[in-house]
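Across the two complexes that follow, chain A remains constant while its partner is chain B and subsequently chain C.
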Partner chain A sequence: MRESVRSWFREELSGMEEFLDTEEKPDASRVERKSAVRRWEEQLLSNPQMQREIQRRQQRYHTIYRLVAVLSCVLFGLVMLYMIAHMPHYGFANPRADEVASRYLEEGLKETGAVNIVAGMILDYRAFDTLGESFVLFTGLVCSLILLRVGARNPATLKHDQYFDTSSDAILHKIGVLVFPAIIVFGIYVIFNGHLSPGGGFSGGTILGSAMIILSASAGFGTTDRIFTYKRLNLMTFAALGFYSLAKGFVFFIGANGMHNPIPKGVPGALLSGGLILPLNIAVGLVVACTMYGFYSLFERGRIGHA
Partner chain B sequence: MLDTLLSNYQEAVAMILFVIGFATLLFQRNLIRKLIGMNIMDAGLFLFLTSLGYINGRKPPIIEVQEAVADTYINPVPSGLVLTGIVVSVSVTAVMLSLSIRLYKRYHTLDMDEIYAMTLKEREEQD
Partner chain C sequence: MSISEIFKIILLILLVVCAIAVNLTKRLLPAIIIFMAYSTIMAVVWALMESPDLAITEAAVGAGITSILFFLTLRRLSRMELTDPADEEAVRQADEVEETDS
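For the complex of A and B:
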């Protein structure tokens, strides 16, 4: 069967070989024409009158560009200031715009179990949006990885590592190692209290990432490479994003079908309350911390860990 | 009209910042300066959104009572939007910075016009 199809195909194609031939043959007349065009161009450009004309046109282009740019900026600014002059006064409630907000404020504690309404909003009502944000961060990290990764075996990287190794500086090294646990504890505190007080996954994750950055800047990359390898970064980011997607997918499925939500809300104000908000905060914090440290490591030396 | 503009001075400053950033994008040829202009635009936008959410004499949206009244707290929606914006701005800045590093490694300049001229020349040589 297959053989017959193949032979039919060959027969069909037998007359078309000259069209299928993709190998480019040097065309003598084409090369000649091209060089003639180039000679003509050079002759034209060497003409002083032509040069003056080109310069004049370039200057005219720049003048017009500047004029249009200034005009558009001024117009843009004036339109926006005009709009602001017709907006409600600063610091006064706007009943039309506050409809959604008042619903969040009045029912948010009952519906999400989070004392901090902003956390309840971004991780419960608008959790899909926050998932997108986490993926934006992850995509940014992946793009930087593609663009900046040099590789560990590159001799330039090794030289760079020796040059920027600060671990021989005793004061810097000791202070960095001393400060590191305190910042980590503070970051974990901010993440775990995201549903109770201002903070949450994004701010706490940034604090964790900055702790890693401080450690690697003061104690050298050798120290952080031991904790924070490329593999672990991959695993942590993947686990956090996967957990977020699965958990929120489960909740969306239940909500769309009108089923009972088995995740307990807990007592408002307790650490273990707010349903999925605490685990989602932890997931977001992990992604943000990995991304921040990954950005620093990539920009500093073109690799994360040893990879 | 003018009194509204004066009372909305935060939003007005935010829009002026936005226009400064836009002008930086248009007039600077250096890629890093363009990036800084982009970040100034972001800052203007965040200032605008946060000042939209503020309401005089009200508390931050952290609810400590059983029956909450919406008139006690500020508007929480712009805060969430600013959070989204900051995250996106960080990622975009990182990607643009890495792109400009790659461009500098290839062309040894950050000037947009010079890079464009060099790419034109390269294309001509390829033909």
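For the complex of A and C:
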């Protein structure tokens, strides 16, 4: 918009040539040219005719913006309502989609060995989806690392660390340290019982990550830096994703070639059962915990650990 | 109508109210808190719809981690908005030095 305003003004007003053709003076330094342009812009904006024109264009822009926003919202809502109208009623049988669901519910326990059929679904039947989700989280961490990392030697970071060190608050510090082990134990419980009860890698990993966040927010980053260094976080994420890919690749290879699966299913209901579901849950939990803490650390101070 | 049905209807109405209120709130901090409330209500609704896996994840991710990240982003943004004239002058000088160098 500024470009069009400038061209309009170029036609309307004369006598500004000395500022307008500053680009053509090769002997003027860039700083001089820049300040000349700045002066010219200030004069432009103080002109009442100019101000009216800018206001008129801004109003037109806002009208169109609001119209398009409302229209797209209404359109999206209508599409969603149309979709909902064609969905089966909640709790009623749907012959088109129930084939797979009933198969999972009837044969799931026998085929996957998981009492919690949801874990059997997301980590056995649909394990490829879960691998993709883990990689999406990992990609998110890498992207925020690229965008938000400022590094430990940046003077702004050191200043920020001094200002926002919360460890001086005694009550917060003590409560955080007191609560931390309980949340960690709960997270580990949720991950390890993923195939027996509701929960699993994603929720358990988030609980572990939030325990780390609570500790670093209450007791300062010094405590968590000892556990989660940049190197260890990378190593853990890499090991978990690599293990997941290799284990699932192995299972896919065996299944595609019709070979016998050597991984024991175990007794349904026991802690060590469900074949690969427990190790995969641990892998997903590690990735999610690392990602959540990494996000927090990057958002809070622009680095993970000391690096 | 049983009590659980009334409870469900109240929760669903609250859900819609929260979803609209997030959009209509001008200030960002209350908007984040309403968003948090939305996630918490959603977690209860998931639990009532007999999907506890989703309820746990919604409570941990939706109400917990997402809100923390929103709060941190908000703090970062509000710190950026606090412009000190001295800082602005320093930034401008640094710009000019950079340009004369290049």
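What we mean here is this: the second predicted complex is superposed on the first by the 226 of 307 C-alpha atoms of A that agree within 3 Å, B and C clash if a C-alpha of one lies under 4 Å from a C-alpha of the other, contacts with A are read in each partner's own complex, and residues count from 1 in each chain.
The rule we apply is simple: contacts are C-beta pairs under 8 Å (C-beta built on N, C-alpha and C of every residue); 3 or more make two chains touch, one makes a residue touch a chain.
The structure presented is a predicted model; accordingly, all values stated were derived computationally and were not measured.
> After lining both complexes up on chain A, report clash or fit for chain B versus chain C.
Here the two partners, once superposed via chain A, fit next to each other without clashing.
> For A:Val190, select first, second, both or neither according to whether it touches chain B, chain C, the two together, or no partner.
In the superposed model, A:Val190 contacts chain C only, not chain B.
> May I ask you to decide whether A:Thr223 touches chain B, chain C, both, or neither, giving the answer as first, second, both or neither?
The answer is neither, since A:Thr223 touches no partner chain.
> Please work out whether A:Leu147 is in contact with chain B alone, chain C alone, both, or neither, and reply first, second, both or neither.
Touch partner of A:Leu147: chain B, not chain C.
> Of the partners chain B and chain C, which touch A:Gly199 in the superposed model: first, second, both, neither?
second
> Just to be sure I read the superposition right, which of the two partners does A:Val118 touch: chain B = first, chain C = second, or both, or neither?
Both partners.
> Touch check for A:Val100: first (chain B), second (chain C), both, or neither?
The first partner, chain B, only.
> Can A:Glu300 be said to touch chain B (first), chain C (second), both, or neither?
Touch partner of A:Glu300: chain C, not chain B.
> Quick one: chain B or chain C, who's touching more of chain A?
More residues of chain A are touched by B.
> Which partner does A:Ser245 reach: the first (chain B), the second (chain C), both, or neither?
In the superposition, A:Ser245 touches no partner, neither chain B nor chain C.
> Looking at the overlay, does A:Asn234 come into contact with chain B only (first), chain C only (second), both, or neither?
Neither partner.
> Using only C-alpha atoms, work out how near chain B sits to chain C after the chain A superposition, in angstrom.
When the complexes share the chain A frame, the smallest chain B-chain C C-alpha distance is 5 Å.
> Could you tell me which stretches of chain A are touched by chain B in one complex and by chain C in the other?
34, 90, 116, 118, 198, 202, 295, 299
> Enumerate the contact residues on chain B facing chain A in the complex.
Interface residues on the chain B side: 1-2, 4-5, 7-12, 15-16, 18-19, 22-23, 26-27, 51, 54-56, 60-64, 66, 68-73, 75-77, 79-80, 83-84, 86-88, 90-92, 94-95, 97-99, 101-102, 127.
> List the residues on chain A that touch chain C in their complex, please.
29-31, 34, 90, 116, 118-119, 190, 198-200, 202-203, 206-207, 209-210, 213, 292, 295-296, 299-300
> Could you list, by residue number, the parts of chain A that touch chain B in their complex?
34, 66, 69, 72-73, 76-77, 80-81, 84-87, 89-93, 97-98, 100-106, 108-109, 115-118, 121-122, 126, 129-130, 133, 136-137, 139-141, 143-144, 147-148, 196-198, 202, 269, 288, 291, 295, 298-299
> In their shared complex, at which residues does chain C touch chain A?
49, 51-53, 55-57, 60-61, 64-65, 68-69, 72-73, 76, 96, 99-100
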